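Below, chain A partners chain B and then partners chain C, in two separate complexes.
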Partner chain A sequence: MSRHLIRAGVLAAFVVVPFYLEGFWLQAGLFAMSAAVGAIGLNLLTGATGQLSMGHAFFLAVGAYAYVYFAAEPTGSLGGLGLPTPLAAVLAVVLSGAAGGLFSPIAGRLKGAYLGIATLALIFLGQHLLFNAGPVTGGFNGRAVPPLELFGFVFSDAPELVVMDVPFGALERLWFLGGAVLLAAALFARGVLRGRPGRAMNTIRDHEIAAGVMGVPVARYRAGVFVLSSMYGGLAGVLLALVFQRTVPDYFGMLLSLDYLAMIVIGGLGSVGGAVIGAVFVSLLPQLLTRYGDALPLVAAPGSGDGVSPAEAARLLYGAAVVAVVLFLPGGLLGLLHSLRRRLPGLRLPLSANPTPSPETRS
Partner chain B sequence: MTRASGATPESGAAPESGATPESGATPTYQPGGMPPLEVRDVTVRFAGLTALDGVSFTVEPGTVHALIGPNGAGKSTCFNVLSGVYRATSGSVRLGGAELTALRPHEVAALGVARTFQNIALSPRLPVRDNLLLGRHRLTRAGFVAAGLRLPRARREERAHEARIAEIAAFVGLGDLLGTPVGLLPYGVRKRVELARALAMEPRLLLLDEPVAGMNSGERVEMAELIVSVRESLGISILLVEHDMGMVMRLADRVTVLDFGRRIADGPPAEVQNDPKVVGAYLGTEEGL
Partner chain C sequence: MITFLELLVNGISIGAVYALIALGFVVIFKATDVVNFAHASLLLAGGYVVARLHAAIGFWPALLAGIAVAAVLGALVEFLVIRRSKAATHGVLAIVTIGVDIVLTTELTRRIGAEVLAMGDPWGSRVVHLGPVPVAETRLVALVTAALLIAVFLLAFKFTGWGVAMRATAEDPETAALMGVRLGRVSLSAWAVAGALAAVAALFLCVFPTPGLDRGASFAALKAFPAAILGGLDSTTGALVGGLVVGVTEALMTGYQNDLTFLGRGIGDVAPFLVMIAILLLRPAGLFGTKELARV
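So, the complex of A and B:
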């Protein structure tokens, strides 16, 4: 019962947000949603199957740039296919999966940290392509992202839309799209994790030999999870491109891959909830520091020389958070929530020894 | 304990076994269904070290066969060859018509060979139920898409196999622990979870690697009784590596003794027990080798 109430509350809060919060927070929230989708994918691979990947940023780039290329009309020096945008989005995710599939002979054979080293190559390959394949990627300048158009509804500011006296621009519209995509991605991943593939993946992580002996084709599973995780990365990339409205090659570098690893470690390895919490934490922290940097000591505007920039401060903070989680919270923030929930009834125990029933038990 | 219908691995089983898949406590013993395991001249070399040297033995259908020997005799290597984890340098291992030495572990598992591990190889964070359901991997179909979308097919499959898991857990004495994470269970109980997971594969051949190692005497007796009842109610062949001689002599129909990678004796327990070479290998007399 209470679970339904919590769900309804979360849904209501989610719907209300775009009516009250300004664009800055909507954009931050959308980045967090995109990051959450990507982090869920990485958690399937790294958290649940024990396969380290440093190449997640590459698959985000494939998703983002493939969407732009498929959806954009060709103009002058820039190529494009001009496909309907929803089709372009789907194809971008499929292409990310195919890119993961091309890498899967390696992803199936290497395990754990060794795969992490091999996937580093993807980052360098990606950066090289993004800067040099000009007609597709727009090179150094990146490309403008065509807005998504779903059944005649455009996710951009252009045709004005006012809902209950609130102007609904691109961010407000994308807010609901992002929420729906994240929910679908989370439910799918939860189904995978709780079902037959999830058990096989967890056993590959915990005991590779046992997994094989119990009938799990280990190499095929590793390759399959890598493809699935690439598709999540691609989906996150499409969402990111739609929110950012421009693709920037620098963004898809090594630091982004590290951010994703930080997300799943901080949030909690191997679970959907952990990926989402970690993604929210890691992607909102720099935004919070940017916004409230003036009020904080040692944080200063970039380039002013008075202290560290908000982005650097955020990296330092969540670097510290990773260390703290590894040392003190093996289950991540999600594990902390679970243990708090377990302990709360324990805290109430002395109170419930009292003969008068508490309000909760009476109702 | 009944065999789940549709879970019988034999395709060309005798007609009477197909007609009565749900017979009660008496096992439906399929004469054609349990092939012997024939190990012939298996040699395994790691670089310069010969871990197994021309070892041969046969596990007859429906028997308990023990593989014993001092530490480093090659018992675990032999198990790893049988389950496809190691490649044999030469020799052959046949189960019915299939040659196992060329197969990978999951392909060996698909033939109905299950094993347990000396050092427990369970997922500590998953509950007993999920660890046992992993044993159903080869008998189930749901892939990423079916599980992710929670298709009715996948849900039905999950429910059917959970019911069978509950039966197996009850048989092994884990009935009320299905929801407990394996990491919270005591050692002896985890050993039983390992056995239950192997049984969940509905195997034709069960390889048990030191099933009572590290257990106290009460747990040992329980495990021995369990192994006897597995053999009696399922009629499957069991190959057992064990150091506990009392248990080997009580349980085994036949014993193969390895020492330094070579077979030094093979026969019924009483015979092997008095073999001077075996006594020599264990106690270290000069004429032992």
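So, the complex of A and C:
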């Protein structure tokens, strides 16, 4: 019973948020949601299957740019297909999956950290394409993102909408879309992890040979999970593009991939909850530091040149957090919550216990 | 033809520098089974120390200091991080090194800021002519130094007690430990050596004809990753060949990019990675890597 109450409470809080919080926090929350979708995908690959990927940013870029290209009307030097926007979004996700599929001869054969280095190639290739394929990507300046239109409802500021005396702009409307997408993505990933594929993935991670002996087609699973994770990346890219309202190539670089790896390690490897917690932590930290940097020692205003800027302080913090989590909290923040719940039986945290073994139990 | 030879010489010399980096990378992998993603930041640290100190204490002492700092930093990473997390798997250890890399690179690029730091090397922008082919003196020095260091390293690997201990550990850590090899020392020394090699490489990556050490220097170092993996992560020979392949590919593609405009600008930076992908498609373990065989 209490679990239902907690769920209802979380849902109510989620619905109330856009009525009270200002745009800055809504945008930060939307970034966190899109990051959570991407991190869930990476966690399926890296956490649950043990395949390291440094190329996640590439698939975000594919998703974001494909959406823009499919949805935008051709203007001047920029091409576009002008498809209905929901169709463009679906096609963008499919295209990301196809890009992952093209890489599958490598993703299926290499394991662990080897794949990590091989996927570095995707980052460099991606940056090269983004800067050079001008008619599609807009080159250095990027492209404006056409707003999503679902059954006549436009996710932008344009037709004014006021709900209970609160003006509902793009961010408020996207808030609910983002929540729905994240929920669907999380439920699907949980289904994958709890079912037969999840068992197979964890066995491949823990003991490749044992998995093969038990009849798991290891290479096909590795390739398949890579495709699935790139589709999650693409979906996160579409969502990100809708929030940003502009795609710029610099954003989809190496640092973004490292951010995603930091998210899943800090949150907890191999579970949906871990990916979400990590994504919220890593994407809100810079925003928090930007907003409250004045009150903190050592953190300088952005662009002032002296001291540590908020973005750098955030990177230093979560880089250190990655190291600390692996050394002291092998289950990540999610594992910490679980062990808190075990130690304090009176405290009931609303966590769905995942049967995924934490990394330290592996051979 | 002259252009081709010039590009080839440049490619081989920069390839030798990549080989130095890849060699350190391979040594760490052989000794501790860890893929060290923090390698680029060790390199940046070494280069940064040289660039900051050379004006005050002269170039050669600064170079020694840079090498020492990178070696100590590598050893510290091993001692404070890798050694403390013995329980975790190697895949997770690779992610720890990413965390270390985020911290070190962020701090160093913050310190460098928008500056381009000169390395203060004695060779400057002098050019020598090998027959009709003009070559920057720094490139020749890089080639000779890298070749010497690699030769010394390979000899030490083959003939000294340290090298034997290192190879025994790579072969079978448990048996090596039972034979009296101190695994802690082996892995500590591997990280220190890799740091030192990276610092030397940093010097040559940032001298003429490149403008100097800037915040992008660690990206140049990333090209040593394909060098290491296309040769085979557990092969020192592979690191050398991989380094040369990457260096020559990059030099030729950059040199002829005006004839290759259909591939877009800056193809030289991407080409090494494309070569890596092509080789991995044919040989997933790399050119000289041992195929993993498992007995059940």
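The rule we apply is simple: the second predicted complex is superposed on the first by the 345 of 363 C-alpha atoms of A that agree within 3 Å, B and C clash if a C-alpha of one lies under 4 Å from a C-alpha of the other, contacts with A are read in each partner's own complex, and residues count from 1 in each chain.
By definition in this document, a contact is a pair of C-beta atoms (placed from the backbone, for glycine too) under 8 Å apart; a residue touches a chain by one contact, two chains touch by 3 or more.
This is a predicted model, so every value here is computed, not measured.
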With both structures lined up on chain A, is it a clash or a fit for chain B and chain C?
fit
Which holds for A:Phe131: it touches chain B only (first), chain C only (second), both, or neither?
second
In the superposed arrangement, which partner chain does A:Ile209 touch: chain B (first), chain C (second), both, or neither?
both
After superposition on the shared chain, which partner residues are touched by A:Gly191: those of chain B (first), chain C (second), both, or neither?
first
Between chain B (first) and chain C (second), which does A:Arg315 come into contact with in this model arrangement: first, second, both, or neither?
second
Quick check on the superposed pair: does A:Val218 touch chain B, chain C, both, or neither? Answer first, second, both or neither.
first
Let me test your reading of the model: by the given contact rule, A:Pro159 touches which partner, first (chain B), second (chain C), both or neither?
neither
If you stack the two complexes on chain A, which partner ends up touching A:Gly116: first (chain B), second (chain C), both, or neither?
second
Chain A residues touched - chain C or chain B, whichever exceeds:
C
In the overlaid three-chain picture, which partner chain does A:Gly76 touch, first (chain B) or second (chain C), both, or neither?
neither
Minimum distance between Cα atoms of chain B and chain C in the superposition (Å):
5
In the superposed arrangement, what residues of chain A touch both chain B and chain C?
209, 213
Within their complex, chain A touches chain C through residues 46, 50, 52, 105-106, 109-110, 112-114, 116-118, 120-121, 124-125, 128-129, 131-133, 209, 213, 254, 258, 261-262, 265, 269, 305, 308-309, 312, 315-316, 318-323, 326-327, 330, 359-360, 362
For the chain B and chain A complex, residues of the former touching the latter
83-85, 104-106, 108-110, 114-115, 117, 121-126, 130, 133-138, 140-144, 146-150, 154, 157-158, 197, 201
Given the complex with chain A, which residues does chain C contribute to the contact?
35, 37, 81, 84-85, 87-96, 98-103, 106-107, 110, 113, 219, 222, 225-226, 228-229, 233, 264-267, 269-270, 273-274, 276-277, 280-281, 284, 294, 296
In the complex formed with chain B, which residues of chain A make contact?
188-189, 191-192, 194-200, 202-203, 205-207, 209-218, 224, 228
